[in-house]
């Protein structure tokens, strides 16, 4: 295995055609969850990946594991339980001026019952190079948070590179709680991935320069945020994804990495958006791939941003891209029909 | 209002085309729940009906209330809460030798938090003639069971006729618990509706005559069960629905009522089954309609059985029939295309 | 051209999955109408066929003509009008004990405005051998009835064989009116196609032997009906289709022809029913094909019944069978998967 | 009741995925009609609303009433008839340079047969504060126009505030007829809602300043139009909706109200368009809500415009928004995924 | 690994709702192929399984491998090629009297190019107990046939149990060719799986007793066939699946195994048929599971028949059952809704 | 006949909702192919058109022919064969930065087997005015290329106007082969239709002015290309379509014709793109219509560009527009809802 990720995946239910849930007479069924999304994105690029989680041993739990396997992700370290339920979430896709929105129904899901000692991290990490998790997992329950801490420690002990996506979810916990729980975790983290907004909301870190939602993607102000994060937590690498979204169906998308004192910027992509959920996770997947395979933060941020740009163009949480497609985009792709 | 019912309704998710859940890439969305199904069936026949429940004030809770209103059911006495979640259930439709199956995901739903004192029963029952609930509601939580008890008492005090469908759900509670909780409730019940199997499993009441699942619908053995139930609980009226199901897609369906010492039998319908969930509830709806409008148990069992037979022919929990359609079937309908 | 038919075709809207119309959130779109169905069935077997009608020059009218052409039916003699509307019908597919049912919305459709003199029958019939119409067309309007009369006369003058399917539609007119209008038309008819029930309802002709809907398909009693029809109207050939429908999803289906004093019986097919609308029309198509290509009533009734049996197995009004498929069924087909 | 509206609602059939009707093999089924759309929009914001109409007592008529009830609209004053038909319309959704387009099939629908004396307006208006109708209803038939006149008079007599949306439909009647029929109605109107184009086409009122379709939304020229309308008809309040549509999938949308000599302007929203049919009606609904609940034209135009902007983002004629969503948009919403 | 299978899997395209291909405007997409179906059925019961094949390295090839992995089948020994194409097949589901039918479009697919030496059988068989293939693979090309021979020899050398399903496909090759190619392969086979019909068509082996398609499932005549096969090819075990199909939607289904001179018969299941393609493969999967896990031919034939009966009830080629479901059916299941 | 076209048409399979093929569980089914698309576009405008091709006599071949007939295209000169297969292609619709993409599966399709002498061109061209083919047909096989040459010669001999769309497909052959095969064909061509890119890739012809993909549509540089083509091949008329595609869902679209030394430019349309496949063919169809009906290159380029702009707005390869719609767009259409 190159990569192990740890977190929840849910059955996702989405009304077709931008319908609201109240209107829906059928729902499209996807599977998604931040850390599984990362594993899928990376597996599709060719990394050996494993996803650790806890699932209910029923049809919905099996559906989640099946879809992970379908994409080439190993599920051999998943814990199975007869208790608890599968997490669900309902996602309504929007159109300006209505943002897309998520209704979580994940309380008491199987992974909320995960606790330190349940996962054999030593075995799970055997032969692995990288561990990734995100700020969603500790938000699920106190015991899940404790397990994240356990996992991060075990990963460091085992010599893995550790990346952590802040992924603040205001519908799961408050910013205060998020900060209190996560600040201690940062000591184990090698690469911290954030959006500018989450850095501000959770850690109170803002650029000196004013920066509104619709601002131009202004590299400098974000670099400032990255430096503050690096200083505050003594994290070697900070990656920030940059989004301008004057519309729901079209955004500008880019990212930067601050590593070893150097800033690496990806190109900005104009993306037409079929479904942006999971785009941040695709960024992490590409970043990990780029670093692991090319040992270059310059490449890492470029692979991450390109994979993520492509993720916006497909329905569902999962990246659907192949390595060849990402590399073609990195070379500069045409928008003519390929035939 | 002619009729008030009390219980949970859920968002129901069903894979199309007899798919298993694991295969599903889209799910059909219905709303259903025993007591709402009864209210809908009766409202469509022309009764004024109101459904009392507790719902989460989010898109799913609103969907449930909307679909009740769509069918003409009053939702003015529904309690709304910002806490809790909407109950869900997943229903897989079968084909012989695979029975249809239900995966409940209703723990901690809004109605599980209902408690005595929350519903203003006096106001809810004002001007009403009949109250109906079922053995599902007390299975949801202890406080829900206490509320059922409260409601039944209030209904009797207000002079309403009270019907109670035993509706045993082995996935919600054990037979022992079901018996312990429900036996005390029977004192308030005027009409008890059961299947032969539930009478046996919950109350240990069986016909002296041996009766297996695929037996011919043998009136006599079922009358015996009805008499025992009547004796045991001093219930004035017992209604038993009778089903032979050698196949999943085709059943024989009938019912009998034991009232004032007299047995009333409905004709037996050969039903082709699109979706049998809710058929028992349609029986209750027709029974209540027949009794309220024609004051005749003979008519009641016939309306109940006919409405229920028609329910098998449509997807979703709800009856879709009009009074005219039921009465045409009672006269003996043709199976030629009506054109 | 081998065959010309004359009548209305409508846009047909059907809820999927045996839903009732009130439930439907989408409707499947077909095109159908008795005489067009006959033309399609015959064209797919290889006959040159033309369909005469009157259509609104809008999207719905074009849809109707397009679907006729798709199946190889010539629409060169269709009249186009900017006035009027396209006829529609809504078809709900049933399940026992709920019969399938049709809601017509065809009043004031373009063909209701057809009138004698509008169609150049001489040109339409040029080089043609057979003319077919049905009892639906004169039910649409007085001027349509007059045009049917005109067409029948023109067909006889031009030396065509004329077949007429009684096709009584109680939702369009009364039996009395149907009899009054159609009795005079019978003088032009060479082959009269009826069901036993329509013969009884419209012309009061019944077999001496009692015959209920679910009776066994009893050749003798139907032959008696055929003889009476032949005597009453001096029609050379009478064809009667025979259906037992104890279920909606499974019927027995057969037919007989009385011609030149001889009775020809087809085998009886057990049909599993996807959609039986148009089955009678497929019978007429096969009958016409069999007679035109093999000059044998024995073959005609066999082709008609086989084509019709196959029609039950596909959705929509139109036959979808090829000549090879019909002939394979006539040889006795296997129900194993063909692979 | 806070609000009563009067008019037709139809079954609306729309091909999915921007297909043309000729291509469609299935049609999405909605219910819509200007005045029902207004009632739905207002009911969803919390007003007590009732919709008066005339419907055929068949599956389609019931579907229309059911969908109104689903959204919380009272249908107790609807007239039911066994005659006539349900109005239908087919809507093709476009893409630049192809505009969306509507094919009406509403001639001879039940409401065309409505006539003075049929509706008991006194009873319908009892306890109500506001009456709304539009220029579609008088276009349906002479007796419908007479009934509109009767309703407007009754509303004024009963002391209701009366709003009237000009809603010119060139496929229903000519501009000349529209003017002749509607000018006398204006005496009863308190609030007249128009688009700049309809004011020009029906009443010949244009701004002195040249104004083409793609012009910038230029407040001044529209204020001029509003003043002329106010002067011509002595209407207290004129509301004008303002749309720039250089594309079919993206528009700018705003509105102004001229009331008591003062102009109130709403912000301009950039809307991504899933389905704009019903957007004008959502504006009226929000306007009525804002005026009734906040007694402020400033608020009214803002609620109207925001509700209407949100309507563009959902399929179907009906607003799907809640009050909370509208008020969040009025505060300035983010386009980030809400999670 | 417990089990390795070898053969082709294709993208399968099926029109929904019993449509004919000519009617289809959308096609359901499955993946299937005899030997992959066996691997899936066994993997879902808990066996470690691997599927060996050759796939085109494009979207369709990846789809095939993904769906295998989704079900838990290892694809690590699949050969990938940039040349060639993915095999496709179109399946039309029938209704009596129209049989389901398959249109193959698999010529020149990637596996047709497989040749001896390409697969490293030693590695593929490492640690494995059982090898399964079928009579479809040698029908694909001469080099595929040679590779089957190579694989069978390698399996025997490696000490694996070898099962072979005759699976005659008349659309791929003639019975004569099938016999000529396969007779030499039989020397490596431990368990031969056949239908009575294929035994007759390919090897000319029939029961002395007359046996038509619709005959009762007559154990004795089939035992006779099994004995002849055993004698002719010196195969230790012969399994025969028994089907009565008087209808397309309902069959009787059973099987027998002749092993070590003893006949083992499974119960007969009445199956309602959603999709019977793959049922024979599910039989093989259950047989292999039963033998490997319980070392009993009695159990093997019972697991095989039960798993296969359940396969008929789900769409697609793949078994969707779990071990728990099969064992519940073997205990005798109820057809009541499980809830 | 006004127009005969010659080429392949395929069954086209497209995942709905911008899904990637790997995700698809259903595929939308269209029929398309350059020369059939031209025939359809022209037939819908009112020209008599015939399409010559070679098709497999199975369900897929019939589907292709049926869909051609549905649109009014004559298929009487299609060759039918029992051998070979129907060509297929899979089209994934994109979103920026992912271009739409095509996976061909057309090798060994029926038309690849077409050879000189098979088509009776004299009969096919009888009474015809125009012949159109494209650079796809000679790419299919050597014998297909030879047949194109035969057809072009026959068309010139018969006095037809000949148009040829270069339509380079890099997935079918190399630019070198394309040039070598097609240069000799140019002698028969009266109107050559190209994109700027294909002119460059195949013939090495570029404007002296630099011109990148996202450049403004700069008439002058394209005129230069047209002149070079005209000079090189001595073709009377060159038409160049001009596309700017900074997005996948929105393009600018225009065209120019160089004829008799004069340049004719169409207006530029901003198109919102549902499906751009077939847009170039719609251009050819409109061009042919305009020239044949108005004998004006000015009109021709305008009809071509407008028809093509409208094609972008509908799914599938075929134009769905009527003459009235095109002419309304040429007059300058509104984007308001037409109602």
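Each chain gets a letter, A, B, C, D, E and F, in the order it is written, and its residues are counted from 1.
Everything below uses one rule, namely that a contact is a pair of C-beta atoms (placed from the backbone, for glycine too) under 8 Å apart; a residue touches a chain by one contact, two chains touch by 3 or more.
These numbers were taken from a predicted model, which means no experiment stands behind them.
A.B. asks: Pick out the pair in E-F, A-E or D-F whose interface repeats that of A-D, meaning over half of the contact pairs match by residue number.
C.D. replies: Interface equivalent to A-D: D-F.
A.B. asks: Determine, using the mean of C-alpha atoms as each chain's centre, which chain is farthest from chain E.
C.D. replies: D
A.B. asks: Between chain B and chain C, what is the gap in Å from one C-alpha centre to the other?
C.D. replies: Their C-alpha centroids are separated by 44 Å.
A.B. asks: Out of chain A, which residues touch more than one other chain, so two or more?
C.D. replies: Within chain A, residues 16, 20, 22, 25, 66, 249 contact more than one other chain.
A.B. asks: Which of the residues in chain B end up touching chain E in this complex?
C.D. replies: Residues in contact with chain E: 17-20, 22-23, 94-102, 104, 169-171, 197, 213, 245-249, 276-277.
A.B. asks: Can you list the residues on chain C that touch chain F in the complex?
C.D. replies: 66-67, 69-72
A.B. asks: In their shared complex, at which residues does chain C touch chain D?
C.D. replies: On the chain C side, the touching residues are 13, 16, 20-22, 24-29, 58-60, 62-63, 66, 85-86, 88, 90, 92, 103, 105, 107-108.
A.B. asks: Within their complex, state which residues of chain D touch chain A.
C.D. replies: 16, 249-250, 269-274, 309-310, 312-316, 320, 325, 329, 333-339
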